[in-house]
Every structure is written in C-alpha cells, then in structure tokens.
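Just so it is clear, A, B, C and D label the chains in written order, and each chain counts residues from 1 on its own.
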Amino acid sequence: MEMSRSDLQSKPRSLFEKVWDAHVVEELAGGNALVFVDKIVAHEITTPQGAFEIERRYEDKLFDPARIIAINDHVSPAKDTETAIQAKVLRDWAKRHGIVLYDIGQNGICHVVAPERGHVEPGSTMACGDSHTCTLGAFGAFALGVGTTAQGGAMLAGCLIVQRPKVMRVTLDGRLQHGATAKDLALTVVATLGFKGGTGYVLEYAGDALATLSMDERMTVCNMAIEAGATTGLIGPDETTFSYLRGRENQPTGDAFERKVDGWRELAADPDAVYDREVRIDLSALRPMVSWGTNPGEAVPIDGAVPANADAGSLRYMDLEPGRALRSIPIDQAFIGSCTNSRLSDLRAAAEVLRGRTVSIPTIVTPGSQAVKRAAEREGLHDVFQDAGALWTHSSCGPCLGMSMGVLAPGARCISSTNRNFPGRMGTGGRVHLASPAVVAASAVLGRIASPDELAVEALAAG
Amino acid sequence: MTIEGNVLPLDRANVDTDQIIPAHYLTGIETTGLGKHLFAGMTGGAELLAAHPDASILVTRENFGCGSSREHAAWSLVDRGFRAVVAPSFARIFFENAYNNGIAPIVVDDAAIDALLAAPRLQIDLEAETVLAPDGATFGFTLDPLRKQFLFSGGYMAFLAAKRDAVRTWLQRRAKGQLVQET
Amino acid sequence: MEMSRSDLQSKPRSLFEKVWDAHVVEELAGGNALVFVDKIVAHEITTPQGAFEIERRYEDKLFDPARIIAINDHVSPAKDTETAIQAKVLRDWAKRHGIVLYDIGQNGICHVVAPERGHVEPGSTMACGDSHTCTLGAFGAFALGVGTTAQGGAMLAGCLIVQRPKVMRVTLDGRLQHGATAKDLALTVVATLGFKGGTGYVLEYAGDALATLSMDERMTVCNMAIEAGATTGLIGPDETTFSYLRGRENQPTGDAFERKVDGWRELAADPDAVYDREVRIDLSALRPMVSWGTNPGEAVPIDGAVPANADAGSLRYMDLEPGRALRSIPIDQAFIGSCTNSRLSDLRAAAEVLRGRTVSIPTIVTPGSQAVKRAAEREGLHDVFQDAGALWTHSSCGPCLGMSMGVLAPGARCISSTNRNFPGRMGTGGRVHLASPAVVAASAVLGRIASPDELAVEALAAG
Amino acid sequence: MTIEGNVLPLDRANVDTDQIIPAHYLTGIETTGLGKHLFAGMTGGAELLAAHPDASILVTRENFGCGSSREHAAWSLVDRGFRAVVAPSFARIFFENAYNNGIAPIVVDDAAIDALLAAPRLQIDLEAETVLAPDGATFGFTLDPLRKQFLFSGGYMAFLAAKRDAVRTWLQRRAKGQLVQET
C-alpha cells in the first residue's frame, strides 16, 4: 500500500481525504470518482450473482484474484439446499480462480475474519457486498459496503464508482466508565446523529479517547456507522493498530512489516484539516444503552424509559408504551454474536457477567470466527458460558439477520448484541433490543432487560 | 426517456431493506424472480401491493432502502415492475443499487412527497428531470449526471469493463510511486 | 418399574415377551394389544400436532405429564420462523403442563439425551415420534418409534396400540476387531437381514459378545434396527447397563437404586425361550462397512466394491458403477454426528484418527448432546477436531436428515456417521455413504472413502 | 365402505418417507396442507403426480413407507386425495399412520401388484376385503380387524380416550403389584 505523502500536499487534509486521494484512478462526472479497491471480501449471499455476470459476459476474467478473499459466513454450514448451493458456488468459484477461501471449519463472519487474518491495512480501500464492511474503517481503511453489481464491478475492473462523501469529524473525549462500552458509544453515535443523520458522510473519529480504545472496540464503533446512514467509519491507525497487525498471517514479518508501519504512521489527519461537520461526544458521560424501537437510533440509557414522543409505529411493533422503564421489559431469548460484538473482548465481557451465574432464558453465544472461538476456548470461556446454561456454538451471521441458528418466533423478544432491530430482522414478528454483550448477559440471567451492576447488587444482597 | 405509470404510495420513512425483502429470501444465486418477496418484511406490505397491482412508481418518505446492502431489494422491485422510487432521501447503497438496476431514484422534497403520495399516476421525464402529476403539478429533481446513463443503458459493468486498461495503467504507476504529484 | 417375575411363569419367555407381558393393559383384536408406555419422549417436529389435538378435543388433558420429557432437538436453535414456532409450541406446552424440557443450551438429540439423563430403564416401555427410538432398546427397554397420532394417544391415555411383534434372536459371537466397530455391526445386521428383512420382528440381541459392548456401542447397534425394518432392537441389561445408570440424574441413589438393579437383574430371556427366527453373527469376521447405495442395506466392507448386481436406480442416484472400488470414491463433505454415532466414544474414535492430521474437505463434527459436548471438551477432543480443521459445533439432528447445519448441495457426496442414505436424505440430490466415525474421519483426511489403517500406513511410510 | 378411484402406479420398492416428503418440509405444526410436497423427494415424483392428477389409490412395491416415523407422509397423501395404498408390504410405522389417517393400507402379493399397476382404476371394498380391477380381476386382502374401524370412523384418539379409566385402574394395580398372575 503506497502512501499519499501528506507532507507534499499543500491543502491540509482529513485522513479520509488522504486515503481517498491515494485511490482515485479517475474523477468522474457529478462528484463521482473511479476508486481503486485494494481488497474485496466476497461472501456467499451477495457474490454469486456478480460472479455469474462476469462469467457469462466477461469471459470469467477477474481483475486480480489475489485481491479477493472469499468467505462462506452467512449460513455456514448450509441450512437447506439453496444455501448449500450458494456455498458451493462460492467454493467452486474461489477454487477456479485461486482465490483464498475461508470455509467450514476455518471461517467466521467476514468482517471478523478479514482483519484477524491480516487482510485489512491502514490506508487501503476495501469493498464487500455487505453493509457492515464499515467495521474495517477501524484500521484506517476506507471500507465500503456495496451492492452486488458494485462488488462485481470491482471484481471485474478493480474499482468502485463512489460519490465523494463529505467528512464528519466525531471527536471523542473522556473515557468509557460506569459500565459503558464501545457498543454503547456506537449506539450513542446513532442516537445522536439520528438514524439517517450520517447519510452522505464518512465518520472520521478523532480525539484523545481513541487511544484508549482497543481494536475490538474500534471495530464495534465503526461497525455501526452504517446505522447512522454514514458511508463508512474511519479511525486513524496508531500503535494499537500496528500491534494488532504485527505477526498476523498475510502480513510480512520483521523489517518488512516495520517499513509498512513507517508508512502507516503518516496516515493521520492534518492538524488544520477542515471537516464538513463536527460532533463531539464525551465518553465519560455514557451509560449502557438499550434500543427500545425498530431502528438503532431508537435507543436510550438502560436506566431510562421509552420516550414520551416515541414513534407510534415502533411502539406498536415492539408492543411497548411511552414511559415504560426499560428494565421492566421481560425477554424471551438472548443472543451474543454478530460483526458488532463477537470478538474475544466481547466474549470476555459477557463471560465476566455470566461466571458463576445461570441464564433463565434460551441464550446463544456465537464467536465471530473460528479463530475467536478457539481463543475463547483456550481461556475457558466456553466453560463459563456452558456452565451458565448458554449455548456455545460456531460462528455464524445467521441469528443477527434471521437467516439461521436462532431465528425468533413471532412476538418473541430478544436482547441482542447485534446491530439492527428492524421489524422482522431476527425473524418475522420478532422484537429485538440492541445492547452490549454485558447487558445481554445480565438480561439473560434475570430474564428481563438488566445491567450487570444489578447482578452485583443482588450478589451483595445474597451474600 | 419517460417513465409513466401508476403510483404505489408508501407513506413511511426509514423503509429498511429487511422490510423490502427479508434476509431469509436471500438464499438464491440469481437476480431474478424476487418480486414475489417484495415487502414481505413489511407490516401491511402485501395488502399495499395488492391494492396497487400494476404500480411502477413507488413514492415514499425519507431514508428509503436503509440497512443491508442487499441488491435483492432493487431486484425485487425490478421484478415487480417498478422503474422509479420517489423519496426525499435514500440510503447510499440502495441509491447506487437502484441506478445499477434501471430504477430511477428520484429525490424531491417533503412537500412534493405530500403531493405525490396522493397522485394515482405520475409521469417522470428523466431527461427534463421533472415529475408531472395528473393535476398538472410539476416537481424538479436532479439525477446523478454519471449514473443516469446506467438507467438508460443498464451499463454499470460495461462502464467498468471499459476502464480496465486505464486501471491497470494506474496500478502500474502506483507501484512505481508515480502518483504522488497528481493527487 | 415393576418386574414380570419370570420365575412364576410356566412357559419360557424371551426378554421381549417379559417386557411386553408386563405392559399389556388389554389384549385387542387381531393380535394387537393396548400397551402401557412408561415414558414418552416428545420433540418439536412430531409433537405439536398431537398436542393440539388433545388441546382442541380433549380439554388439553394429558394422561401423566410426569411421564413425558420434551426436547427441542431437530433444528435447535431455529433456522427460520417455522422452526422457531415449532420450538416455541413445544416450550410453551411443556411449561403449561410442567413437563421436563431440554432446550437451547442443555439439549441434544433426544435418543442421546433421554438415556444420559437417566430416563431410560431396563424393562420399561418408551415411545417417541421418531423412528430411531429403537436406540433405547440397548437398555432392555421396549422402545418404539411411532407416528404423531400414536404418540398423541400415549400422551392422552398412557398407551400405544401395538401389533404384537415376532421376536428374532440375533446372537453375537466373537469380538470386534480389525477396526470394526458397533456401526459396522449395525450395517452388517441390515445388510444380512436386508433392508426390510426385520419387518414385523423385534431384534433381541443375545450371545457372549454382548458383554464386550459398551452402552454407547449397544445404542449404535439398536439404533439401526429400524433400518432393517424391525419394530425395535433389544439388549438385556447387565452390569454394563447398571453401571451406566448408577448415579445418573432421574435415578435414585444408594440402596434405592440397588433395589431397582435387583429387579432389573431378572430381565433376561429364559434359557429355553423360543424365537420366531434365529440369526448368528460372528463379530470377529466383521470389517469396516461403507454403504454404496440408497438404503442402509446396500453396504459392503470398505475393501470391497460396488456389487455386480447392484440396483440400477441406486447406482444412477449415487453416480456409481458396479465394480467401483469403494476406496476410489472421492468425497466432498464429511459428517460425524446423529443418534447413531455421536456419543463420547464415537467422538473419541474419530479424534484418534484426526489427531495430528488435517481434513481436506469440509468436515462437521456434532456431539450428540450438550452433555456429550462438554465431556468431549473436558477431554480436549474439541481441540483435536479443530486443530484438524473440522467444525466442532453444538448438537443437532439437522445434518442427518437435511434439515439444517450441513445440508448437501445437489450432487455433493458426503461420508457420514449417520443412519440413512436415502435419496435426498441429507439434501436434495446429495449422496450419502454411511460409515463409522473412524472411517468418516479417515475419509475426511484423504478426501475419498478410506479406512484409518490407510493413514497408519501413510504415517509409517512418511516416518 | 368402498374406495373407488384412479390409480397412481408407483412401480418401485422401498419408497422411504424421505422420498414421500423430505424432512425440510416438516417445519409446520399442523397436519394439513402438505399435499403440495408429496413425493418432493422422489426422482420423477412430480411428473408422476402430474400424469395422474386425480388418483386416489396408490399402487406400489414392497416396503412402502420405510424410514422415518413422520406422519407427514400419511398427511401429504391424505391432503392429495389418496385413500388407499396397495403394496405387497409396508413398513410398520407408515402402516399404523395410514390406518390412523383414513388411508387403507392394502396388502396383496407381488403378482397382484403386477396386475394392479396396469389398472387405470380400482374398486376397493373394505368390508368384503377385495380389490376389483376394471378387467374383472379380483384380489383379496385382510385388514387389521382392530384398526380398520379407524378407517371408517377415524377414531384412534377417541378409541384411546375411552380407555383412559381402564388404564388408570391397570396402573393402580401395577403399583400395588397385583398384575403378576395375569401376565
């Protein structure tokens, strides 16, 4: 990955602009640009149609198979003939083109697998037919969720057509405390900007607080940029980023890696960069957040209640009324997983809550990838979850989008560490409350929306 | 090029792609035949479609197509005969997918939507960039000057295919470090 | 469980007759009898319809909820709205009636869960809307797979109507050796009797070899009685049985348990009992078996070839020709699981083969229950499987019958430790070769049908 | 009681319940509406049904209904209008399920099947226990003397419901150890 060398530029630039500038192959009409894509992540749901198009009309010629990784992740192993065919199409296509494939036994959610396998680099561009590709912005990459045609175009010609986004600087001050987590920050960003408030913008995160966030936390934050409608999220790389990447597969070792780091160090916004919009968030003021409605912006602190001015349609779907205290809402099922919150630190947070306790409702815990699964098992987290009566199983996108392995029955209410609470998202008629892994775990124990500190209080009272 | 047809009035904001086509219908490998699942995730969706069986223009509220990147949302609209969606705003990925599948994403303001939701039928002139209601009211809009060609010729992939040599040249220059001055 | 006290009887009786006699409430016309059912196992696929019938027409009155256990096992967690509703119906029904429920996080395949939780007793009768209920005959129980109506009748009135079966004594001599396992015995029984050769009979196993078989092995043998068409399989209880049950939940402890054992000791066929048919099998002659066709009777030793007189329809479906050496058949996917072969000893056998090796095809390993999963993990078997690149996940019936978590693509060929190779069984157009866990594991490594001793040879050659 | 109707000739042995209705169609909670999945797991099944759209009598080979206990196999036949299956032998559970759902499982020998497979139409007299072919050929069979009442009145559950008191009495006597002499 070649650097844009900001020191040679005259106009001060945001980090986004630097990455953008370094990848524009050609300016196009209407503020669009032909943007080179360093790496494409291809999964089984949105890839086959584009692959077929190239096979049928463009002699099956890919621009560069080495720039593609393929992952069966949404329903893997297959739940039916259709999903078996999807996986087979991706598998056969990858094999035919010599594309790296992560399949049954070594796969996971693509946004978890891509970074942990060292495929995401600061300053690079990434595309994937999946809206949560913005997760990868945590590495200082311009990572774009796109449709199948756009992904197909990138597979064919190495580029996307992108309308140049505006840039919003989201400055984070203070430190997370009082049980607040990166998920609560992500939900706060969406609640602050509004569900579509980020549309047309890249959210470029800044501020002293960033240095306190781990890569896992940064990925959680960037993951939900799309939930505010943003083009993507972006966080400049730092020592935390470099440490994460050092020693990963698909990265060079020794001096070769450190030379890359030297280049990556230049990937920072210029001090005088001008942004299209500025937002500040004080992390020290955050509390655990829980959604009450049918979009991720409809969320409030867990101590709160359903707002007085809540949308009537959301209330009807969720079977709630204004003023209802969140903690009073009973829950039928709990889920910890998804590209938002299924990395090792998420599982540790949930395990800390569940250790020595027992869930009172069906509870499903899925690691983000096979690698996360194994790391968690090395630490004994699987025993913590299973001692508590939760299901510990393999990685899958399935439950988060109602495709498999935990689909809700109509009317069932689930507290979930995922990213979307749209009507029917986790199953037709199912109701979803978004929260952090720790809050999901506490709620699983008490069978209602609950925060971990309630359990601590109970333990004290009981002891 | 003019799109003329009956309106499906969908008076809701934030219609996400899970409502347009739920994920459990995304198990195919082709882009066709998805119309039967259109709005399957939306309360009242089936009734709305039944009440407007021959509609080809969807009029709706802000942030249409938010959520998942699934192009299936566009494919299901196309398969059902829709050729335009008129809204005050669109989510980015759906907006791109619409262009790439011959669905015109027409942006007009909220006041215009109020009027257009009541119109049984509309005439959309893509070249003049106007929406004409039966009562004679006219509303202007602006198409993306690049992407509108994809509406006419359906050629996103063809457009990119034609760029391949230029991209390879660019990539060679990048590899040689020759791009700095131009950015 | 009350004993039939064979010593008071004049006519010598088989074990089956003793259990039968002790449960006949009333003789009915045509050789049928009203047979009391001590315990019903209810799963989510076949129970709801019968439960609804009782709710709608019989005031929701069950004969005795304490004689029912409910298990969500076929597609758990749910793969879609329909299966979520099935699970919810079973869950709500169990809760309403105070029925013991094994659900997400503590469930497993019903025929694995029922015995491991101590619900299966020698000399008892069991019914379940699942054909592999015969598995439980391994405990000396008369365990019957039945339809939904029959299960519903048992839920309503405590009884089944059963046409009194004939009894076939299958005498086992010798000992398993040369890599042959209980699965190979089970396949040999089906191949020997023919796919429908056991119809109308209970297979009552006898012979010195029985004492050498563990409970896991006996369950594997009885599990496939249905594949020969038999009413069920039956093995008299002995010290192995009593040891298995001693200390299980749902069994008494101390003297109370030992008093039950004293009663169970009387559960043996009388020496002079007369059988309707006799078969002998010499275990020492068995070799690992692999099916080549589309019913479990179409199986041959792994060293063999597709028979010259093979059924044309089976060959067409399996895309094979007579004379084709089994070892030459390439495989696309491997599966270890199901009520036939997913208990701890099965997993150990597969792990022994996979330890230090790598699978070359997508390979799925599912424990038979949550308890088996945890036991396997305590032994580190999960690490062995995952080090080898196999998927280690939660228990599910799904892959075995093409309902979830491993459904085959059309034309895909799977080697499987399951019990049925019917057309479409594991997915429309999918092809299934039945084998033991060890053979499945070896085949997963080599990507073709293979026996573990081939790997040993390879290791020797390499070493 | 007579069953008269057109024949669906299924000249195969060992038709298992996975072929009659594959497991992926077992996701419902009711017994109705399954006819559309009948023979969905059978090569050529759809074509066979299409060629005999109004058949109500299935004639087939040995071991029909082997495999899974799924009563859905019987329900799908009932829903499709079948009232009898004629075969040389049945698997036990399907045999019971057939009676319990008003499908007569008629056992005749292989030679009879050879003849009946060629008959377009049959007349089955359940009381006389005869199958009559259009050419006048007649084949006898024997119904289960107990279960045949379920064919006429559909009353497996009702039969058992009427036994509940007797079963409770039996159970009390078992608990008191009073059953030994009678077994």
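Convention: a residue touches a chain if its C-beta (ideal position, glycine included) is under 8 Å from a C-beta of that chain, and two chains touch if they have at least 3 such contacts.
Values in this document were obtained by computation on a predicted structure and should not be read as measured data.
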| item | value |
| --- | --- |
| Touch-network distance, chain B to chain C, counted in steps | 2 |
| Gap in Å, rounded to a whole number, between the CA centres of chain D and chain A | 53 |
| Mean-CA-position distance for chain B and chain A (Å) | 25 |
| Centre-of-Cα separation between chain C and chain A, whole angstrom | 42 |
| Shared interface positions of chain D, touching two or more other chains | 24 |
| Residues within chain C bordering two or more other chains | 80-81, 83, 85, 402, 407, 428 |
| Chain contact topology (line, ring, star, complete or other) | line |
| Chains that touch, pairwise | A-B, A-C, C-D |
| Interface residues, chain C side, partner chain D - complex | 2, 4-5, 8-9, 21-22, 24-26, 28-30, 32, 34, 36, 45-46, 48-49, 52-54, 57-58, 63, 74-75, 80, 82-83, 85-86, 89, 129-131, 133, 145-150, 152-153, 156-159, 161, 163, 195-196, 199-200, 229, 231, 295, 313, 317, 401-403, 407, 420, 422-425, 428 |
| Residue ranges of chain B touching chain A (in the complex, touch as defined) | 12, 14, 16, 18-19, 22-24, 26-31, 41-43, 62-63, 66-71, 74, 89, 91-93, 96-97, 100-101, 144-147, 156-157, 159-161, 163-164, 166-168, 170-171, 174-175, 177, 179-181, 183 |
| Residues on chain A engaged by chain C in the complex (per definition of touch) | 77-81, 83-85, 87-88, 103-106, 359, 362-364, 370, 373-374, 377, 382-383, 386, 389-394, 398-399, 402, 404-410, 412, 427-430 |
